[in-house]
């Protein structure tokens, strides 16, 4: 391909949206991508105003995803978008993603990948059929020390993994905010927009993804309990799960959005035969390794230790140790890795360095399966539920 | 009673024992108690040498608990011990405790209170029959900030309790140490000496006690899974439990002694409607309170804030904030509170200030019931197990 | 002005440069600015390659700042850059800044503002003469919790400020890296490129700026000692300063680049009559407030506490509490605030909301004065040195 | 000597005293020492009541130190005290210490050792003349991780020591408490009782001792500034010192009792060529070692790492890692080590294992010299003050 930025379109993400703004910062950060068009809102006024705030041409500001995808597909190759980023609520992921793929556009999509497991399977089939790229923004897998944790486990230093404890605690739904004009709360607690699970779908899936990503072990059985703590709410806002993984590892997963006082407390601990590792999203630049036979170590993102940090970590950090990178940089890593992969694809290169790792449609399938299995287990009197996928 | 130190005898706790030494430091610390006799070992040489290291008279160094209790009972009132402290392995708690009570001695006993639930019930009946005092050393309830946490919950500031997450993680049984000459490991992993549960009995009971002590809520149902991670071990060394409490609170309890790299990581979080509290044994002088609507606070043991810390906290701290107190002081608080209660008893006073709180036989019953219920649940295919007591 | 991104040119910042890349991320992040031209290197090959990596047109890739400024000035108004960002080593700040101002371009400049105090004064005069905008990237003042700290002091909650302790510790110059091919180390330890101070100029100036920014108090006297710890080095790599401020406040400043094991440990504590605040760059989203009469609070960036966080904080954070923002976002805040101010200027608006705060030429003057006074004091046998400016 | 506890007398430490109670807990803890007599107060009622609270015989409760020392000296050898512990305010250390030594009693004494430097020198001469043992309770040198830090430096792992930063911050004198009935504040801010320095004598001496103890380097020059921040106070309540040590090391020392919100924040950092160590009294069971070329380590008191922790550390810890020990245990270590040394002395043994280290009269001399030199430097216009001793 010629030497130019990749061109992105966005569906959703109008002026007051939260996650759309995050996607744009993440896409902008490394100077690899430019936003060229948007179906930012179905409200024409909002769409137009939002487009202008983002310096889009009025004629590339659309009010429906169909219009945008069709119009962009009709543009000459040197002008039309390369990929589309879908940042709508869960119920509005599937249709635009399918259409974009059909029209030949690569796709970035917020998690959970779709509203239902069935949609996820259809989407996976379409991705495989078209051979196009898909990035699923499981943000937390973008952190350099999460990647380092994965490499530490893979290296075998900890020995065989025995136990995994992961938790994701937030407090922002401690009250019935969906009745108090909080738009974020409203759609996330509405089954028709969010899916069959509330908190477990919204944040439990992140926790499950993190556990499987770091350890490389898949969940095989689980015993779940979902709670709706706040009276009047339509979906679960709290839950806990006992887990069994491949290779005899066991674990627990706790997810709650009624943990009053918690901010965005995603944390994982992995215990092996020789030691353990601990990573917490709110202090993301440290990876704590506690050894059985020697002092605990705190490994820091961006450190220059010779022969110690993995290539995967090095490729996902922008500044030296002590210059904290955070959530937006982790998000940006997904966009950057995706953009490098896409650029390689568009240039006809087929090598994909290992560090170009980013979550994709298979992670989306695992996430939807997690929701299915957790809800089924929670509704069952049977203790252990075999994971079905 | 006359103005003198209380006189303590000790059963178990010979020269290489761990917990016996801890009991002695705790009893010594505040100058209220003197050790006057001991059945420190059934090995006569060890008993004698241990007694001398503790400056006991040779004629009050015994080699069996029966000898000691009988001999002390035969001494004149102004010489014989006031109470006996039983620091043997679990299987050797019941018989000496029963005999001591029968002979009129008050009792201090390590937890779990007995080897079996049935013994615990018998012991409770004996305590009630004799009206004598019993201190069960659930150490962690002795920490001032644990007591403060209890008062914060009781005050209603957090609102109704919704969620309780407690965990107790150690790594010292990550290898098959019981086969490598580790005496502590050997008896704790031997069902005939430790009881029907390993880690859940040894440390899970502490976690359960802490949760019920702080919140005032009793466990009503649970769903447990116990694991024996290290091959060749006879008892569980790891486990996780989903919990239901009175008043619709739910929770989780994790206990493991194969969490490689963990030291003595007991930690609890309690979530209410308006905020939450967090306490970790390894940083025991801080109580973290996270509010839904205002900045998180770190309340510190020994602080002089007017009208903020509870009387219960103040009564259980010896130094101003910033002079860290720890495990031995928490342990000492139990002995001190017990000694004040005993002194009041011996003096014929019947007032017992609230701060003289210490765990007793009812806590012992709850602990044994916890073991029973967790083991039964773990062996069951039924998801939720009604707590039986 | 029309609805478009602001156009930036860059001087310095070729492909292996550290701080140039940081400036670009900061400028990109919020989608307000596009890079349109660069004099990225004086080496033509590096300049060209760097330009292509940044997707610049070859004809706007220059090899000298004069060429770029002159060529851009000759372009039509709807194409030429709006401002230039100067990210060269210290000795190469002054000339391009002066020329840019003369040609009517606004300026962003790395700190310290110039090589010498005299240059700084000339530059200030030129800024005042032209009325153009200048952003000096004292990064750490861009953090939201630094701004919150400033507002807390200003509010008077802490009472009169009594003591200020600030320190900036790095370890990366612990060895004679400038002789081992480390380009960053080489120019920073070379007086002809860095100026009359090494570490005190490079990082001590950040610390001094932070102290004055947060407290609003100016240094009035100091007693400094500069050390060259690593043998063979040409400038100071370590130092400590006793400080006197306006209004009888006193303090200390420690700066070192031979603090082996430290990463980028900038930390400040401000003590008032009623309490104190503490902020550390490596955990930037927390502001610790320790009160004399109530529990310490940890105030968190992005929190939704009603009526608690300042407007200044709110305007400089992008995500809710618990989604850590870091160094790049702090840097980005300067660019964003500058871009809003510049856009207002270009649109003929003259209102400047308070939150559009960013360091400017007066901060540059204070920084150069700090270097002058510290070096003079260090060379003097006199204890207290009156701050001269 | 026969197999018995050592017998202690106490001067000062009546019922409301702070430090006397601490000394008794420290002496009791390990069961090596019994309190047999006391001149606890010059007020006869307080003396008697205090004695009874400590279960002393009325006839060994005295109202003057002379009475006690003389009476005890007249008792038979198998009854009289072995040593005396002096816990009065500074002005009342010297006379009882001299008399005790003259009468053949070993001495424990609070720091600073005397009111004046001259007294300290006389006391040292008396100690040398009599050959009796003296323990000076520089508490913080009793912590196991302080001893470990000393061993780490001594081992050479960090390379040559380059920089030492020590600080001791308290906030309890932020107001004019000495006028509000605070007895602790009253004598500590009264030159006739406390000596020629306030905070620098009270806590700065601890900081200086810690720095010299850990590094083995002596202060050779200093540049001090003392402040009296609270109006109406008679002595310094705040200060900062630039330091030069032997072997070209430099450093800083900050001590303040008007650091509002601080509790008892003694902290030291030592920077060597290869790495650095950090220890903070309020988290005393961790020693942080930051390496230049590998991840930082957190070494924990009581850990079982093979071949890693020093014998000195092992000998000064009572429980396994994760069972926090604190201030009282550190204090207790001094009493325990002193008691072992004294027992060896009384038994005619002359071996003194290295771990029997405790501060003694030479540390007292260093402490008084520190006060002298700091006050002289603060009063001088000369920048660097040669340390005189």
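Points to keep in mind about this one:
Note that the chains are named A, B, C and D in the order they appear, and that numbering of residues resets to 1 at the start of each chain.
The rule is simple: a contact is a pair of C-beta atoms (placed from the backbone, for glycine too) under 8 Å apart; a residue touches a chain by one contact, two chains touch by 3 or more.
Everything quoted here is computed from the prediction, not taken from an experiment.
Looking at B-C alongside B-D, one finds more C-beta pairs in contact between the chains of B-D.
Distances between chain centres, each the mean of the C-alpha atoms, put C farthest from subunit B. Put simply, the C-alpha centre of subunit B and that of subunit C have 55 angstrom between them. Centre-to-centre separation between subunit A and subunit B, using Cα means, comes to 44 Å.
The mean-CA centres of subunit B and subunit D are about 34 angstrom from one another, to the nearest whole unit. Multi-chain contact residues of subunit A, defined as those touching 2 or more other chains: 262, 289, 296, 300, 303. Listing the residues of subunit A that touch subunit D in their complex gives 289, 293-300, 303, 305-306, 308. The residues of subunit A lying in touch with subunit C in their complex are 3-5, 18, 21-22, 24-25, 28-31, 35, 52, 54-55, 170, 172, 262-265, 281-284, 300, 303, 318-329. Listed in rising order, the residues of subunit B touching subunit A in the complex are 158, 162-163, 165, 167, 171, 174-175, 223, 225, 227, 229, 238, 240, 242, 250-252, 254, 256, 258-262, 269, 271-276, 289-292, 296, 380-384.
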